[in-house]
Amino acid sequence: MFEAKLIQGNLIKKIMEGLKDLVTEANFDLSPGGVSLQAMDSSHVALVALMLRGDAFENYRCDRPRSIGMNLVNLSKVLKCAGNDDTMTLKADDTQNNITLVFESQAEDKYAEVQMELMDIDSEHLGIPDNTYDAIVKMPSAQFSQIVKDLSSIGDTVTVSVTKDGITFSTSGDVGTAHITCKQNTSMEKEADHTTVNLEHPVTLTFALRYFVTFAKSTSLSHQMSISLSKELPVMVEYAMGDMGHIRFYLAPKIDDEESMDDS
Amino acid sequence: MFEAKLIQGNLIKKIMEGLKDLVTEANFDLSPGGVSLQAMDSSHVALVALMLRGDAFENYRCDRPRSIGMNLVNLSKVLKCAGNDDTMTLKADDTQNNITLVFESQAEDKYAEVQMELMDIDSEHLGIPDNTYDAIVKMPSAQFSQIVKDLSSIGDTVTVSVTKDGITFSTSGDVGTAHITCKQNTSMEKEADHTTVNLEHPVTLTFALRYFVTFAKSTSLSHQMSISLSKELPVMVEYAMGDMGHIRFYLAPKIDDEESMDDS
Amino acid sequence: MFEAKLIQGNLIKKIMEGLKDLVTEANFDLSPGGVSLQAMDSSHVALVALMLRGDAFENYRCDRPRSIGMNLVNLSKVLKCAGNDDTMTLKADDTQNNITLVFESQAEDKYAEVQMELMDIDSEHLGIPDNTYDAIVKMPSAQFSQIVKDLSSIGDTVTVSVTKDGITFSTSGDVGTAHITCKQNTSMEKEADHTTVNLEHPVTLTFALRYFVTFAKSTSLSHQMSISLSKELPVMVEYAMGDMGHIRFYLAPKIDDEESMDDS
Amino acid sequence: FPSATEKLAKREEVVAMCVLKMVPREGQRGRYMLLKRPASGLLAGLWEFPTIPIEGGDTTCTHRQSKMDEYLQAGCGTPLGKPPKKLKVLRRHDVGTAVHLFSHIRMTMHVEMLVVEGGQEAAEAAEKAGVRWVAEGEMGSFGLTTMVRKAFKLAEDRKREGTDMMQYLKGNKRQAR
Amino acid sequence: FPSATEKLAKREEVVAMCVLKMVPREGQRGRYMLLKRPASGLLAGLWEFPTIPIEGGDTTCTHRQSKMDEYLQAGCGTPLGKPPKKLKVLRRHDVGTAVHLFSHIRMTMHVEMLVVEGGQEAAEAAEKAGVRWVAEGEMGSFGLTTMVRKAFKLAEDRKREGTDMMQYLKGNKRQAR
Amino acid sequence: FPSATEKLAKREEVVAMCVLKMVPREGQRGRYMLLKRPASGLLAGLWEFPTIPIEGGDTTCTHRQSKMDEYLQAGCGTPLGKPPKKLKVLRRHDVGTAVHLFSHIRMTMHVEMLVVEGGQEAAEAAEKAGVRWVAEGEMGSFGLTTMVRKAFKLAEDRKREGTDMMQYLKGNKRQAR
């Protein structure tokens, strides 16, 4: 038996916003420790890893580890039945091939129950190396979102470079060439508005901009986000949800002459 | 001569929002008692009945009963000329085949006058039986609207069932199966937020969901709405506008084997 | 060298909103006195004249008068990189064929720099006669915008007539006939809400309504706008930006039998 | 092995189709009109609902209905309008769109439901060479093409959106208000 | 009775058409260019505005104008650009799109208006076999096809959106600013 | 001078194309499958990626992939699924759409990339009359038509959106979590 109740049910809604444009079907791994998900987008350039700790839930119960496959587009539709202030309970009986979502209003006068069939999704479980990164930048999520949206009206590719002073996003296209720099800044009262740079080595990497725009759909999850970079490694874009867990996006860098790397 | 002035002109705008997607042309019946309209949608599954009492207007004058046909899509376009705080005056000379709408701003510095040709619409006047209903549920309009919108992303058909505890809306589709229950609740301070069930007999009926979504476009007319059901009779969905009048939607139930009923 | 800094960078954004649907490419004239632009729409019915005084800028510097051509659609895309509270600096080196736009946040923690190539646009510089107008009406920009939008859902052509009491906009179409009158009104506390009529002679002219809708996209520039009319002359629609400058739209009137005027 | 790209794209064709039912009184069972196709050409000699080609891309309801009116009047001798000379329209509405694939044609059918008033006598009188009025219960056993069945299914499905509102009102029809 | 579905869908064709007017000076009356179609084929030997087929779905203004430029230069010997060798463009803009139906073709016409500077002499000099410059006043009496009339009407209608702004400015053209 | 409107609109054709690469292991270089077209007809005897016509307008990814699966199995003897009887799919995704113009056809190609696992031996075993497995490095020198090159370019361009995420993970593949 699996059962878990979230007081803020719309957290799952927000998580799905960021996931469903990247991955359409995925396995959720249920374990006594919590719920996690790891999936690659269809072109194998990006990977998403979600972790929701058991502590994040009220009444978390998972009798045995299990992997359940769901269509994320359908899940998003179903989540529309949840009001923004509703609690959400997930239930899955080990002997059955479906999951039940229950949404209850705070006043307990509305009770919605939705049942979805599970899917059988074939997937390998791959480990993500625990890299130490050359540069870690924390900045307001809304600012990151704005920057990647703005740049995507100019170019397709973004070059991210971090120095001790800040992080610069650059692109170019028919319209022109743009550079946006966010400087280290801890003068604001609210910590969520700070921009901080943690640097081992300066690093410059290039990525497909449209993926960053997709990642930024998780902006509502957290006021701050972080970008972690290392030479020739995938960037990690993280939205931490306090003590509850996190969602991490990994994006492989673009390399001009890829052929030479093909013979690994 | 017909002449009637509404202080809150945008009431008519709101009414048209709910009507124009259901009925494109209709006759308005003008009488000394007020303005009414009754029309079926093109597939004869739904019926709408609007009543605006003469008292609702300032300076209401109707010298003789008369029926005037209008294209509701055109009327909606014309109503765009009314500001949200404008008064609205309707004028129709008995000897002429047109209607004049006058919109005046509160400050009396803007005066808009629109003239529309009337239409000759062939329609029988059918009586709506004054049923006593097995179950009458009152609930917040916004909640009803949310529920039918949410369910329509899952299925095409809604089963409504009322027991003494509350009202349940159910649907199912490729995505899954959903049940939403609103329980009787009178604990809130504002009466408009209450949900009340008035029950003679428990009742369960099935309807085409998309019509409910259309009815819910009248949500802005009133904080509360009511659903009245009886076995094998059309549901009545009502939005009452205080002392001014009401708009009522009737929807015929779905019956699995309709053929058997065809030979009446 | 040309360099100019605007504290309210989003002023340029707002100006482009109104321009880019009328003109896709245009020359900006840079002079020690300020920046100006004058261009006709492709069908030669409307003309726009923009003037931004040097005083409007902080640190205005223009070493020699120069005309620089830009694609306004591209410029609008680039301006998306400016936050609403950012300052904007324009820089153009006389020896280079490009322009640099710099956007800086108030907190100085974000710095965006965009470089665009200039275009070589062939254009004659035509003078606009300094007419004395028969009628000048000042009114709230938002009201003008609302009126032309509302009327455009009814007809294609607007007849504007000014008497000492006010200004009337009329149109007609399949839907019906509409007249909207704004009366002289100076009773409001805020001057920006006033409607004033300055009349030498009553005047009535007819225009293509869709151009007025395009002009009204400059509404955000100024609370008040003015309409200046003279018999058989283009109307002037002006949005003044305080001491900083103005944007003026000219629209040639419609004349029923144009042929007779063709042999000038 | 197969030669993929040699196959040609099908020709696109758009038609309006009218499922015309004649009933003695609203709410009662009636008869459907079927027309016989010409002896040669596509689907030669088979029965179909009144069908007309829609050209030029104007598939609005208004356009299709006016073209269908012409066809019903001129081609089938079934004018709509006021009795006694014309057939009284009780109900008329679109029921949906279906696509039918022939070997070389991709046909898009816009189907409308049209219910007119008239008894069995009227139907029999209107029957002439190439026109048949088939009772509701007999539609299943009448030899219909797949295309016609698709259109009929659309009309039936739509009916299932709800019963006819008219039946709930008719008891009051003659009551004074 | 008629065989509805046997009629075929028309072939779709897209063309760009240029209503080219040559005027002595901006604001004055001028002459329209007409070309004679080949002696055989569709509309054989009739007069038309310069017309080119647009293939591959790119109906953007930019694409059509660049194709038309080529055609005017290569096909009609009317190069646009700077005088004296080329014709000075005073004004050029789209005036709309119309559809014309032939028995077997559905033709979509994207029509642009192009006004160039040049006197009667220029027009007469440019006249050669298959090219005619027709005075504005004579367009009505010149034998034009329905298709050409439709395009001409679009250009005329657009003109009625307002008079030419240029005429209000020209008095100041030579004034110093 | 030219006769503009006589040129006909091209026939529209829609195909799905599959750039199928077989690699010994994910991340390694592999071989592309090419098929020989029939000896007569369009592009007779030339080599192409597996290509099938898509009719009826359904160009969804799901529809195209299921049609392509059938074709690979039936037409080319290359069934996808689980080893050892079938080829293991490592990766499959759309890489874009291109248009190719023939003299009388406008062909829209929906191109997908499909990477399957299998060594050189597998490729050689699968080689039969009309099927060729070409090593990545030799694609440039193999005689390919412009159409095939366009599809290949789409696949290559997409690859450039980023390197394959798999290579960063594979070191951990066998680690316990």
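First chain written, first letter: the chains are A, B, C, D, E and F, and each begins at residue 1.
Simple rule for what comes next: contacts are C-beta pairs under 8 Å (C-beta built on N, C-alpha and C of every residue); 3 or more make two chains touch, one makes a residue touch a chain.
The structure presented is a predicted model; accordingly, all values stated were derived computationally and were not measured.
Peer 1: What chains touch subunit A and also subunit F?
Peer 2: Joint contacts: the list comes back empty.
Peer 1: In angstrom, rounded to a whole number, how far apart do the mean CA points of subunit B and subunit D lie?
Peer 2: Centres of subunit B and subunit D (C-alpha means) sit 32 Å apart.
Peer 1: Could you work out how far the Cα centre of subunit A sits from that of subunit E, in whole Å?
Peer 2: 56
Peer 1: Please work out the Cα centroid separation of subunit C and subunit F, and write it as a whole number of Å.
Peer 2: 53
Peer 1: Once the touch criterion is applied, which pairs of chains come out as touching?
Peer 2: A-B, A-C, A-F, B-C, B-D, C-E, D-E, D-F, E-F
Peer 1: For subunit B, which residues are in contact with subunit D within the complex?
Peer 2: Touching subunit D: residues 40, 42-47, 124-129, 207-208, 211, 233-234, 250-255, 258-259, 261-264 of subunit B.
Peer 1: Tell me, which parts of subunit C touch subunit B in their complex?
Peer 2: So the residues of subunit C in touch with subunit B come to 143, 146, 149-151, 153-154, 174-185, 187-188, 195.
Peer 1: Under the definition above, what is the set of subunit E residues touching subunit C in their complex?
Peer 2: Those in contact with subunit C are residues 27-29, 91-95, 113, 136, 158-173, 175, 177.
Peer 1: Tell me, which parts of subunit E touch subunit F in their complex?
Peer 2: Checking each residue of subunit E against subunit F gives 11-15, 35, 37-38, 41-43, 50-53, 55-57, 71, 75-76, 107, 130.
Peer 1: For subunit B, which residues are in contact with subunit C within the complex?
Peer 2: 74, 77-78, 80-81, 83, 98, 107-117
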